[in-house]
Every structure is written in structure tokens, then in C-alpha cells.
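Have a look at this one before I ask anything.
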Amino acid sequence: MFHGMVMPTAIVMLKIDHRKVTGTAEKLLEIPDIAEVYSVSGRFDLLVVVRSDSVDKIESVITDALLKTEGIVESETMFAFRSLDKREGGRAIDVD
Amino acid sequence: MFHGMVMPTAIVMLKIDHRKVTGTAEKLLEIPDIAEVYSVSGRFDLLVVVRSDSVDKIESVITDALLKTEGIVESETMFAFRSLDKREGGRAIDVD
Amino acid sequence: MFHGMVMPTAIVMLKIDHRKVTGTAEKLLEIPDIAEVYSVSGRFDLLVVVRSDSVDKIESVITDALLKTEGIVESETMFAFRSLDKREGGRAIDVD
Amino acid sequence: MFHGMVMPTAIVMLKIDHRKVTGTAEKLLEIPDIAEVYSVSGRFDLLVVVRSDSVDKIESVITDALLKTEGIVESETMFAFRSLDKREGGRAIDVD
Amino acid sequence: MFHGMVMPTAIVMLKIDHRKVTGTAEKLLEIPDIAEVYSVSGRFDLLVVVRSDSVDKIESVITDALLKTEGIVESETMFAFRSLDKREGGRAIDVD
Amino acid sequence: MFHGMVMPTAIVMLKIDHRKVTGTAEKLLEIPDIAEVYSVSGRFDLLVVVRSDSVDKIESVITDALLKTEGIVESETMFAFRSLDKREGGRAIDVD
Amino acid sequence: MFHGMVMPTAIVMLKIDHRKVTGTAEKLLEIPDIAEVYSVSGRFDLLVVVRSDSVDKIESVITDALLKTEGIVESETMFAFRSLDKREGGRAIDVD
Amino acid sequence: MFHGMVMPTAIVMLKIDHRKVTGTAEKLLEIPDIAEVYSVSGRFDLLVVVRSDSVDKIESVITDALLKTEGIVESETMFAFRSLDKREGGRAIDVD
Amino acid sequence: MFHGMVMPTAIVMLKIDHRKVTGTAEKLLEIPDIAEVYSVSGRFDLLVVVRSDSVDKIESVITDALLKTEGIVESETMFAFRSLDKREGGRAIDVD
Amino acid sequence: MFHGMVMPTAIVMLKIDHRKVTGTAEKLLEIPDIAEVYSVSGRFDLLVVVRSDSVDKIESVITDALLKTEGIVESETMFAFRSLDKREGGRAIDVD
């Protein structure tokens, strides 16, 4: 495991204006450092995974790009203290 | 994009008994079809990504294995209707 | 549309004890007047459709049978004032 | 039980603008793949059952048609991992 | 107890625009089938009791008249499956 | 309208232990000053109307009798500042 | 204890528009029967104590004056069934 | 206005175990610095006003005495930044 | 520990309009008595620490300056009854 | 500003068992990397500031020490993406 390659990760859940859901997922994926976008069931409409080289950059991606996307009416952000992934053999990938 | 390889995905958020958080993430990752586990900030403690060959199998992984893991006090499941991933060139990966 | 055949309907959402989800859906379906059971994503685990000949019987199915099923930790009931169904040609089926 | 005929199902709960509830249920039922609409008591006003041939199509019915209907002020979607129905002899109808 | 005279009942809780509470209770009582209106403490401002000859009529009173009254900002409806009343000797009045 | 006959009124919503709902409504109606009990849909199971000669007596009925009934797991009380009733010709019945 | 001097009491919690908090407490205190105003921490901004000669008058103070004050965005009212005060020697002051 | 006499104030809302509400208000009033206790309608059962000579003493009254009273199942505390009282001529009583 | 130097402290959590998060933290820090601003994950966007010489001044900083900053859509304030800090050797710093 | 000295920060809000609040703040401050503990008004009882050399260490302090402290009944964690502090001249201290 190469330490320098492990990236800080945040998960952002978004509620989208009902008339603007179409196409928003695709628009979000064009933002640099947004790695995955899921269209989900439940109280939120989209779940977005952000991965950057630094915690500081994650915050500026969320604040300056993600949350400025049109149609967002509510957001809730979770920061991943640790990421475990089967492809890494089940060992914890620590974010330092 | 090979259609048969796209897998149905669910995201499960878990609140864990305060005295049993240590080691629970690792234990969950041993369950087949659990692809990723994040230790997260916020109202929940863990966010789990489940990927199976069928919607039916996702439900049995969640019901028969994930939710039976010791220490879980609350859960909320989101089903991913669509998954978009940068590695796939920004196109939608539809789950049929 | 034969009026006498239209049946009062209630929808009950259930949160189930994590260790007892397996088999609960099947057990609920054995209760008379429980027409459909869905295993669902979200804050609840099961969504149950109850259809009886009378409002009074719906209440006794919910109170005396459904809610006494083992493993239920929370419930929320919705009463259907009207039911519209594509098979009936899109017209409202009123519950009198 | 013919496997190919089992259809993925989602349940959408809707809160409607107070002045626009009349007629909204009928309008929703005209959308293809919307199978049932219930006018319900509780925090929501309508409960909608969507059945499509694929998970992907369910998402586009919800996003591109259902949620664009006039008067919707809030929505919460549940995905049915499994559907059990008395008409099928009480056996589980798995959604693959 | 004459069965035909027992009437389906719904209880509607209403939050009213702060500047329009005065007079709203009186206006609501003029609507046919609205039997009682209470000005209440708590999260809601008014509690309304609706009694009609049929479940179907209750829904149209709520949808077409009650919720169209000016100043309503939020509503939550409860359907009474059973009504017990001291004047009837403590026996249940079933709503069929 | 005889002023002295107007009685202070409180509405109590109750969530009942799932295994003890049967018979609780009848037991509550035996408590003096409990005028009506409704078995309702929604987040609560029962809605109870309490009418006494004085505000002070309402509180002791709720505290010393109603809330001590077996099986109550949650309660929320609303006090009726004013009661309007169709039988009184639509005029407000003030509670002094 | 002179019975006629004990006054019905309500406590109203208010959320105020962020730009209009300054001066609102003072403006509220000018309303007759508003006895105390607290600027509080928490989800609400102000807690107001209303004391009138009758329950009916409390309701009209809240509805016709308090809630019409500019800047109120949310309110929740509690009615005091009983008031105990150290200055009265610890005995309950009943509100009849 | 004599500054030394103005006392820091906190308001504590309490939910009480249903079987132990009787007598709890009286027991709380015996605690030094608890000035008023109201038995209230709504989600909480009691509202307690605490007045001490110092912010520090308020906290110890709440933590070491009030919250240790038997039967309390939930609490929410509000601190009064300012107290306005009609008896003081409508001027703000600042808490320093 | 010099008593005069211990300062009353409040913590304010803020939800900011999605399009105005950039730069708001810096603008808030320019307000006198705002000691720290954190850009946080979760339901809120910013957590602000306010320290003043008096409780009264804290309230005017929050009401007259902090809450008037552009872009704030929701706020929740916590008052610190006691502050413990490692730099003070682990002893409580009481706020009188 | 020396970059190496800037430390990742998390804020943890805790609800404490009513009978065990006394002394818990002091016990928490003994845990390494717990920098500040506030006894607060509101829905939570304590607000804890955790500062470590790495994000990974913050998570183990929270999981392996903080949350294992006796008496904690609920917790909610916020991660500070950025920390601004007056002592640093109002400039952002980025956490990389």
C-alpha cells in the first residue's frame, strides 16, 4: 500500500429541486475530484463521493463547485475518517 | 461498457453501539458482496457499499448477514438506481 | 366497476429488529387480509398492504395480528382514502 | 412463477401543494409504469407504486415524469428489494 | 346503536400562517362535514374533526375544501379506524 | 350558551406498546372525564379527548390516571384554547 | 392563596427572522398580558410567558397580537396546566 | 436597577416517565435555585426555571441535582442570554 | 487561574445558503468577539465560537452582528456553562 | 504559519446519561488529543474538541477512547475541513 496515493474522501448527500433532477448527476461528475455519483432512493436524491489530495481541497471542491451546482435544495456532508476496500485486501486505508 | 458486469448497488448507513465500534468495519468487510466500508462523521458511524449480481442477492446480504453483525443499533438503506463513475468516462452505468 | 368489491386499504410501514428481519415478511403474508408485503430501502424495513371488507376489520387485523408479530420495533400506518389502479382504467375506486 | 415477468418496484410518497391536491392522483396515473396511486392519511398526501421492466427505467419514470408533475413539494422514495403477494401463493417474488 | 348512522371520521392538524390565524377556525367550521374545530397549543394551531357519510366524501372534503382554505402552511391527517364515545355507553362504534 | 357549562378540553395522542393495543382504548374510556377515544392511523395509535370542569382537573386526569394506563410508550398533549362545534351554531365556545 | 389572582399561563417559543431579532423582545413585552420575554440559546430565539385572566384571553393575545409581530418565522406553544412557584411556599397554584 | 440582583437564568424542559409524573414537580421545586416549575402540554411534561447567582452554579444545579431526580427520561436546556420582565418597566435585565 | 480573564462562551452552528458559503467564514471572523470559525461536515456548514466579557455582550454579538451576516439560512446556539481546556491543566474554568 | 503544526480537528457532541453527567467532562479531558470540553445548553450535554496529528488518529481517539467513556447515550461527530482562528490573523488554517 502506497501511502501517498490514499486520498481523503467525503460523501455528500443532496436533495435536488424536483424539476431539475434530470442531468444533475452528469453535471456533477464533470467537477474535478468528484469520483462517483449515485442516484438514490430515500430522503435524498443523489449521493456524491469526493476524493482529493488534501482535506483542504475537498472543502473547496464542495464549497466552491459542488454546492454551487444549480438545483440543490439541501445537503449533508459526511467525512470519511477511514476507508476500507475489498480490493486492498480488507486492510484499512488510513487518511493522513 | 459490458452490461452484464454492471452490478446493483445499495448504500447502508449504520449507527453502532458506542462500546463496539472498534473492529466492526473490518468484520463487515469480510461479508461477501460488501465492497467498501467508510468510518464517517455525522449521525451515523459507518457507511457500507453493497454490490451484488442481483437485487435479490443485495437484500439477502443486508438482511441475513450485514444487519446480523453485532453492535448495530440503527440502519438506513439507500438503493442506487443509477451509478456514475469517472473511470467509465462519465457515462451512466445503468442497473438493469 | 362493482362497488361492493372495492375494499378499504391501509399501508403499514414497519421497522424490524435487526436480528429478526429474515422470515418476517413471509410470516406477515400468512395473516388474513394482508395482501402484499414489500421489503424496502429507507428508514423502514417492510411496507405492508392490508385490504379488508370493512374499516373496522382493517383495524383489528393491524391491532390484533399484524402488530403482534415478533420483531416489530416501530410502525406507522397510512389509511388509503382513495385507490386508483391502472387495471381499472385509471378511474378512482372510491372506498365507501 | 415466470421470472422474466417479475418487475422492479418503487414506492414514492408525495406531499402536494395544498391548493393542487385535486386531480393530481389522476394525472399521475396517466404516466406509463405508474401502476397504483393512493390518496393517504398522514404526513404525505399520495403514495405511488411504480413498476417497470428495469431498475433504470424506474429511475427515469420517477425523475423525468413523476417528479415533474405540478404541485409536488416533497418526495421520499422506497425501493422494493422483494415483493410478496398473496396471489402468488405467498412465495417471494424476487427482483433480479 | 344504529349502524347506518355511524360516520367515518378524520382528524386534521393544521399549521396556519401567523398573520392569518384570526378567523380561520370560524371559516373552517362553515365547510360541510367539518364537525369540530379546536384552537390548540403545540406544534399545530388547529385540530379539525371531519365526519362524513363515506370515506370517499371525507377525502373530498379535505382535498377540495379544507386544504384550500387560505393561510394553511402544513397539514397532517389521521383517519379514525374506530371511535369510542362515553355517550354510547363505552362501546366501540365501528366504522364500516 | 351557558357559560358555566363549557368545559376545558385537552387532546392526548398516544403511542401504545405493539402487543398491548387490543383493549387499551376501552380501558381508557373507563377513566372519568375521558370523553372520546379514537384508534387512529399515523405515528400515534390513539387520540384521546379529555373534558373536565377545570384545567387543574384535566392535568390530574392525564397525570394520575391516563398516563398510568399500561402499555403507553409515548404521549403528546395539546390543550384546546377554544372549541368550536357545529351543534352550537358555529359560534366559538370560550374556555374561561 | 387568593384563587382569583392565579392566572392561566402559556409559554410560547419563537424562531425569529435572522435580520429582525434586534428589538423584537422589547416590542413583544409591550403587548398586554405578555409578562416575560427571554432571549434564549437553542433552536428557538425567544421564549415568551403569557399570563391572562382567562384561557380565552390567552388565545386571543397569542393569535391576535403576539403571532402578528413582525419577523416571527416559527412558533410552538405550551399551555401550563399547573404553575408552582417558590414564592408561594412550594404549593401548587392551580389554574381553574 | 441593581445589577447585583439580576440572576443568570436557564429553562429546562423535561420528559418524565409516564408512571412517575405525579409529585415530580413538587420534588423539583425543593431543589435550591429552582424558582418555578410548570406542568405543560406538548412534547415535554415539565418546564423548569433555574435562577442562580452565577452561570457556574446554574450548571451544577442542573447536573448535580435537577437531572438526578428520579423519572427524567429526556431533557433540553435553554440558557437565557437576556431576561425582560414587565415588573422592571419593560427594560432589559442583562445577565453579566 | 485569573478569574477576570475567563470569558463566557457560546457556540453557534450555521447552515449557509449553498451559493454563498465561499468567504462567509472569513467575513464572520472579522466580527469582534468571534474567536474561531470551523467549516464543518454534517447538517450545518459552519461552527462559530463566540467569547465576550459578559453574557449580555455575547447575545448582542450574536443578534446584532453574527446573525445579520448575509447567507445564513438556519442557526442553533449552544451556551457553554463550563469550559475545560488542557492548557489550564485540566481544571474547570468556571464562567461567573 | 508553520504548516506542520496545523492539526486535524473534530467536534463531537455528546448526550450523557442523566445520572452520570457529573465528572464526565473531567474524565474526557484526560484522554490524549482531547483539547477542550464544554458543558453546553441544548439537546446535547457536552461538546468535545479533538485535535490529533492525523485524521486517522482522530478516528481512533473517538472510537477507541472517547466513545468508550461511561455514560454516553448518543453522539454526533463533525469534522472540521478548515479552522480559522483570530490568533492567526484571520487567515485560514488549512488541514492537509
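Just so it is clear, A, B, C, D, E, F, G, H, I and J label the chains in written order, and each chain counts residues from 1 on its own.
The criterion applied here is as follows: a contact is a pair of C-beta atoms (placed from the backbone, for glycine too) under 8 Å apart; a residue touches a chain by one contact, two chains touch by 3 or more.
All of these numbers come straight from a predicted model, not from anything done at the bench.
*Asks:* I want to confirm something about chain I and chain J. Since they are copies of the same sequence, is their interface symmetric in residue numbering (over half shared, so same) or not (under half, so different)?
*Replies:* Chain I and chain J contact each other through largely matching residue numbers.
*Asks:* Go ahead and align chain B to its copy chain F using Cα positions, then give the rotation in degrees, nearest 5.
*Replies:* Roughly 145 degrees of rotation.
*Asks:* Any idea how many Å lie between the Cα centroids of chain E and chain F?
*Replies:* 15
*Asks:* List the centre-to-centre spacing of chain C and chain G in whole Å, with centres computed as mean CA coordinates.
*Replies:* It comes to 44 Å between the two C-alpha centres.
*Asks:* From the mean C-alpha coordinate of chain C to that of chain I, what's the distance rounded to whole Å?
*Replies:* Comparing mean C-alpha positions, chain I is 49 Å from chain C.
*Asks:* In angstrom, rounded to a whole number, how far apart do the mean CA points of chain F and chain G lie?
*Replies:* 24
*Asks:* Could you list the positions in chain C whose residues touch two or more of the other chains?
*Replies:* In chain C, 39, 41-43, 59, 76-79, 81-82 touch at least two other chains.
*Asks:* If you connect every pair of chains that touch, what shape comes out? Choose line, ring, star, complete or other.
*Replies:* other
*Asks:* How do the chains pair up in terms of touching? List each pair.
*Replies:* A-B, A-C, A-D, A-I, A-J, B-C, B-D, B-I, B-J, C-D, C-E, C-F, D-E, D-F, E-F, E-G, E-H, F-G, F-H, G-H, G-I, G-J, H-I, H-J, I-J
*Asks:* How about chain D: which of its residues touch chain E in the complex?
*Replies:* Interface residues on chain D, with respect to chain E: 18-19, 21-22, 39, 41-43.
*Asks:* Where on chain F is chain E touching in the complex?
*Replies:* So the residues of chain F touching chain E come out as 9, 11, 25-26, 29-30, 34-42, 44, 47, 76-86, 90, 92.
*Asks:* Write out the stretch or stretches of chain J touching chain B in their complex.
*Replies:* 10, 59, 63-64, 67-68, 72, 75-79
*Asks:* Hey, which residues of chain G end up touching chain J in the complex?
*Replies:* 41-43
*Asks:* Which of the residues in chain A end up touching chain J in this complex?
*Replies:* Residue list for chain A touching chain J: 8, 54-56, 58-59, 62, 79, 81-82, 94-96.
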